[in-house]
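Okay, so here's the structure we're looking at.
As written, the chain order gives the labels A, B, C and D, with residue 1 at the start of each chain.
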Amino acid sequence: MNGKQLIARRVAREIQPGSLVNLGIGLPTMVAQYVPEEDNVFFQSENGIIGSGGLPDGMENTSLSDAGGGMIGALPGAAAFDSAFSFGLIRGGHLDMTVLGGLQVDSQGRLANWIIPGERVPGMGGAMDLVTSARKVIVAMIHTAKGTAKIVEKLNLPMTSDRRVDLIITELAVIRPSEQGLILEEVAPGVNAAQVQDQTEAKLIVSDSVTTMELKPT
Amino acid sequence: MKKTTSVTHAVEAIPQEASIMIGGFMGVGTPEHLIDEMVRQHKGGLTVIANDTARPGVGIGKLIDARLVKHVTASHIGTNPETQRQMIAEELTVELVPQGTLVEQIRCGGFGLGGVLTPTAVGTLAAEGKRILEIEGKQFLLELPLKADFALIKAQQCDYFGNLQYRLTAQNFNPVMAMAAATVFVEAVELVPVGCIAPDDVHTPGTLVDYIVKTGVAA
Amino acid sequence: MNGKQLIARRVAREIQPGSLVNLGIGLPTMVAQYVPEEDNVFFQSENGIIGSGGLPDGMENTSLSDAGGGMIGALPGAAAFDSAFSFGLIRGGHLDMTVLGGLQVDSQGRLANWIIPGERVPGMGGAMDLVTSARKVIVAMIHTAKGTAKIVEKLNLPMTSDRRVDLIITELAVIRPSEQGLILEEVAPGVNAAQVQDQTEAKLIVSDSVTTMELKPT
Amino acid sequence: MKKTTSVTHAVEAIPQEASIMIGGFMGVGTPEHLIDEMVRQHKGGLTVIANDTARPGVGIGKLIDARLVKHVTASHIGTNPETQRQMIAEELTVELVPQGTLVEQIRCGGFGLGGVLTPTAVGTLAAEGKRILEIEGKQFLLELPLKADFALIKAQQCDYFGNLQYRLTAQNFNPVMAMAAATVFVEAVELVPVGCIAPDDVHTPGTLVDYIVKTGVAA
């Protein structure tokens, strides 16, 4: 199990049966494979569908893709709609959860993930709407970038939203941003709090009840 | 009956430097025949409003490859390195807008509304220099309506009145764009007789469509 | 032919082939019967359809009605939609013409047709949107109400919109509101300009080229 | 699976004095079984948001007849003399809003927007005391979002996830209301198994529906 799989399996535990969830492109997309079918979780793809399924496995249709442009399937009971409606679901607070990747999160729990000025300007796509308005926002990311801390005291990249995200899940820890700061709630198996702090620029508040991450079975 | 036209004639009606809305999300739901003909006729200096610029060689990416675009308003260009290259080289300008805001701006243009009031982007770089309204104690960013000279849209089915039905995620920005442009060209997978799309299945009424583009048929 | 039929037949001449038209409840609805089928005029009913037809003649469906709640038919190529879209068509300027009844029109061409304060408060329904945003607004009404002028110098009823309507068609005359005032353009057969002014409170500007109304054949 | 419930239990969940959005246009597209049960259980002091109050004995008119309504926000009450009588007798209050504004206010409530900016009603009695914004030289009236505790809506088909398909002009206000209320009850002409409504035919995704009301079936 690599770091990304560990993250995906931990994120999967946050997903409630019957809920409506948007998974960002990349690592977050891996989460779906750890959510059991009987949970009836509805996955939204912001380009216009609820009920998107995994790879269609030989049943591709060029009019059915995910938000990254990759071909997907649709589950029974899926619903398709236009972009205005799709973002109405998001902005209107009808989305129970979104899981996104991140470039940085700061001590106030604010996310940066859409631009590196002067270097890379991909654009925000749906991220600003998702982070501002989903009921629960989880940042799922590798803890550091080539040795550089991504969980920082203060963002030096432009933020995606002034809304505080609800949870940061990395291959080392589960961290809950709060009014008081970043609370370390869980550590990965074989990792201790000091090691997490070591990889983190922002000061972590170590919860009295730090536990070891539990993961969804594969 | 609604005017049908060839791809060639349709694109001939579009001047250089036109402002154009183009449907699609990463190329899905983009009218490829119209795009190809825009490239063939070398319609340049375009202002494009679209969700993204797809990838090199795909959808709107073909217009970028051919250097026909002067300005793009989009939510995302990260999948097209050529768009980014031209932007950095100052060969084109890019305005990035959150996707949910972009689609509402286009909707406002088509629905006769004065602008969209959204909580998205408040406090961020994307709100700089823009008007913020406080409404019942909460801050909202005012973004203005978007309109265009032309919309190039893609549908699954089209009848000879121009009634349109889209397919799955190929719908995306197409229906709002059909409302927001002065002249609307539609390219459909299938043209059907009037009456063959049931009233409840029509996503865009034909009165909004100016020209039905016949693909693969000589003019 | 009574006054209402005369008005409907004159209004029908204003309707362009292939255009999208909304007819108000009551007198305006009568216009449709004088528009030949081959003109392919699309009638919108603001409760959610383009392509509404006349009485369905034994083919009623309880889910298909006009803006007055009466059962209607649908023509081949009809399209149904929700109220947000319906008023997007109206407000967005996609409607070529609307024909409405009126309580009063004043010398500036402003219409009042939604409320008689203290007496009758029906509400504006779709009228304010229609008058504000349709490309062309025609007021079709009987010239006076029980001997009282309806075309007045200044409204004493609350106005429906501050937009100047494009044409007033009554059983006596066709009047075009303009920056200069109300221009009498046509008189009904057997009626002269003095007679029209007699029934009109507002001062009419008699056009140099007043003609006799032409009517759509029955 | 989505919770199905009886008409009786659905209405039991609605408290007195609730704010309720009710779909329909002159009774067409109004959930009559839910209305009848509201009357039977005598749920009073209601705030109703709807296009109109239909006629005495029809749709929302039944709630008016039974004097269950304290306040109505609507675009039109002219077809119901009883609503007008109660208003004049000060037994209920009425706020009249242009139809296109009303539907956008409800949409704003459901779509997370701060308000609608409309040219409609500017300069009229209906704009008095309200905020006007000048945008690019033109005046727009700002009307605020509308939300409600409950929505009572009507669909043609409903699957057991709550996916809904409406029919012809019975659609009207139902889809926007499904977005704007905290708890959404749907009454459908027909309940079908999941998978029996094609994705492109779903007008309201089931995730927006809280309870599917079974009509004509004992609880």
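To be clear about the criterion, a contact is a pair of C-beta atoms (placed from the backbone, for glycine too) under 8 Å apart; a residue touches a chain by one contact, two chains touch by 3 or more.
Note that the coordinates shown come from a computational prediction; the quantities given were computed from them, not determined experimentally.
*Asks:* Show which chains lie in contact with chain C and also with chain D.
*Replies:* Both chain C and chain D are touched by B, going by the contact rule given at the top.
*Asks:* Does A-D or A-B have the larger number of C-beta pairs in contact?
*Replies:* A-B
*Asks:* Rounded to a whole Å, what is the gap between the Cα centroids of chain A and chain C?
*Replies:* 55
*Asks:* Calculate how many whole Å lie between the centre of chain A and the centre of chain D, each centre taken as the average of the chain's C-alpha atoms.
*Replies:* 35
*Asks:* When the centre of a chain is set as the mean of its C-alpha atoms, what distance in Å lies between chain A and chain B?
*Replies:* 29
*Asks:* Can you work out the whole-Å distance between the CA centroids of chain B and chain D?
*Replies:* From the centre of chain B to the centre of chain D is 33 Å.
*Asks:* Residues touching two or more other chains, restricted to chain A: which are they?
*Replies:* 49, 74, 80-81, 87, 90-91, 133
*Asks:* Where in chain B do residues touch two or more of the other chains?
*Replies:* Counting only residues that touch two or more other chains, chain B contributes 104, 107, 112-113, 118-119, 166-168, 171, 199-200.
*Asks:* Report the topology of the inter-chain touch graph, choosing from line, ring, star, complete and other.
*Replies:* other
*Asks:* Applying that definition of touch, give me each pair of chains that meets it.
*Replies:* Listed in label order, the chain pairs in contact are A-B, A-D, B-C, B-D, C-D.
*Asks:* Can you name the residues of chain B that touch chain A in the complex?
*Replies:* Within the complex, chain B contacts chain A at residues 25-29, 51-52, 54-55, 74-79, 84, 87, 94, 96, 98-101, 103-104, 107, 118-126, 156, 166-176, 203.
*Asks:* Which positions of chain D touch chain B when the two form their complex?
*Replies:* Checking each residue of chain D against chain B gives 104, 108, 112-119, 133, 135-136, 138, 140, 142, 144, 165-168, 171, 199-201.
*Asks:* Note which residues of chain C are touching chain B in the complex, please.
*Replies:* Residues 20, 40, 42, 49-51, 74, 76-81, 87-94, 133 of chain C touch chain B in their complex.
*Asks:* Across the complex, what residues on chain A touch chain B?
*Replies:* Its residues touching chain B are 45-49, 61-65, 67-69, 74, 80-84, 87, 90-91, 115, 120-129, 132-133, 158-162.
*Asks:* Mind pulling up the chain B residues that touch chain C in the complex?
*Replies:* The touching residues are 1, 107, 109-113, 159, 161, 163, 179, 194-195, 199-200, 202, 205-208.
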